[in-house]
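What follows is a single structure, and I will ask about it in a moment.
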Amino acid sequence: MPYVTVKMLEGRTDEQKKALVEKVTDAVVETTGASREKVVVFLEDMKKSEYAVGGTRLSDQD
Amino acid sequence: MPYVTVKMLEGRTDEQKKALVEKVTDAVVETTGASREKVVVFLEDMKKSEYAVGGTRLSDQD
Amino acid sequence: MPYVTVKMLEGRTDEQKKALVEKVTDAVVETTGASREKVVVFLEDMKKSEYAVGGTRLSDQD
Amino acid sequence: MPYVTVKMLEGRTDEQKKALVEKVTDAVVETTGASREKVVVFLEDMKKSEYAVGGTRLSDQD
Amino acid sequence: MPYVTVKMLEGRTDEQKKALVEKVTDAVVETTGASREKVVVFLEDMKKSEYAVGGTRLSDQD
Amino acid sequence: MPYVTVKMLEGRTDEQKKALVEKVTDAVVETTGASREKVVVFLEDMKKSEYAVGGTRLSDQD
């Protein structure tokens, strides 16, 4: 605890995801006082066909 | 904002998903006064093996 | 099934929420072929202090 | 209702998932008084590359 | 890990919630082989005005 | 997009939450290349009575 879920479009590299998890954990520890080993991060990739803004999916905008 | 997540069994066509996102967005705009470009919709497909009602997964009912 | 979660800023009236649930259910039934009595909608209100865009919470923008 | 979501690392067998759904539903019915046919369970598998504890993804620990 | 979220109508007693968490954890440990101290359970209470089936909120059915 | 949800025990100060949102957004922008104004953060407070580890709620551990 805390538990962080990051939901984003698929396509980031493994390196980006590795850095993302590390930096987000740093941010949570620094600002909430939580102990590092307790911070959990879930990554959720979305396809363009599963994500819409303003009534149109990104897959329908291409 | 608002953010709408639709979780449903996999199997709908791309056309159905396109129409779903559009109509759900219409419904949100019409009833909440939110501006259309701010409405976000996430679609989440479920496998029959990931979804159970009454203690039995749909994949175990076939 | 399907299961729809609508996450939005608190402040909508009870009438708006009643209409929102009805119209979203109409949209889901119309486009996915799901039977009406199976469609579930969850409403989740957010406080301005729990919601941030671009690094700033709406409560810190006032 | 109630709605139970179980998020866990991928890798459990189909038999384990079948038993998991059954036993979790038993537990919910026994303790909340909910009727069995109303209890819904969603299973969500996570990849090691999508799950981090203490700033490091399990996929980066191997 | 695993992480279990139970979303249900508000109104269960503290005793029921205590037993629910215990029995759900038992079920997860028994069927997935997860170690007990790693199993996390989140409880989420819903108001009748936040939950609809078939287009009508439970609060509008009373 | 990306969308970050931080679920944690209630009790952090408003200042901590303000800093948390800011630093988490910094981390996401820095590592994913997302543009700052697109990053959304949701904060979700949990009561001790809604959160259990190893079969026991924190409220039952006091």
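In this document, chain identifiers A, B, C, D, E and F correspond to the written order of the chains, with residue numbering beginning at 1 in each.
Assume a residue touches a chain if its C-beta (ideal position, glycine included) is under 8 Å from a C-beta of that chain, and two chains touch if they have at least 3 such contacts.
Everything numeric in this text was worked out from a predicted model, so none of it was measured.
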item	value
Both-way neighbours, i.e. chains that touch chain D and touch chain C	B, E
Taking each chain's C-alpha mean as its centre, the one farthest from chain F	B
Chain whose Cα centroid lies at the greatest distance from that of chain C	D
Whole-Å gap separating chain D and chain F, where each centre is the average of the chain's CA atoms	22
For chain D paired with chain E, centre-to-centre distance based on mean C-alpha positions, whole Å	12
Residue list for chain B, restricted to those that touch at least two other chains	3, 7, 26, 51
Residues of chain C touching chain B in the complex	1-9, 12, 16, 19-20, 23-24, 26-28, 30-34, 51
Sites on chain D touched by chain A in the complex	7, 46, 49-57, 59-60
Of all residues in chain D, those that touch chain B in their complex	14, 17-18, 21-22, 25-26, 36-45
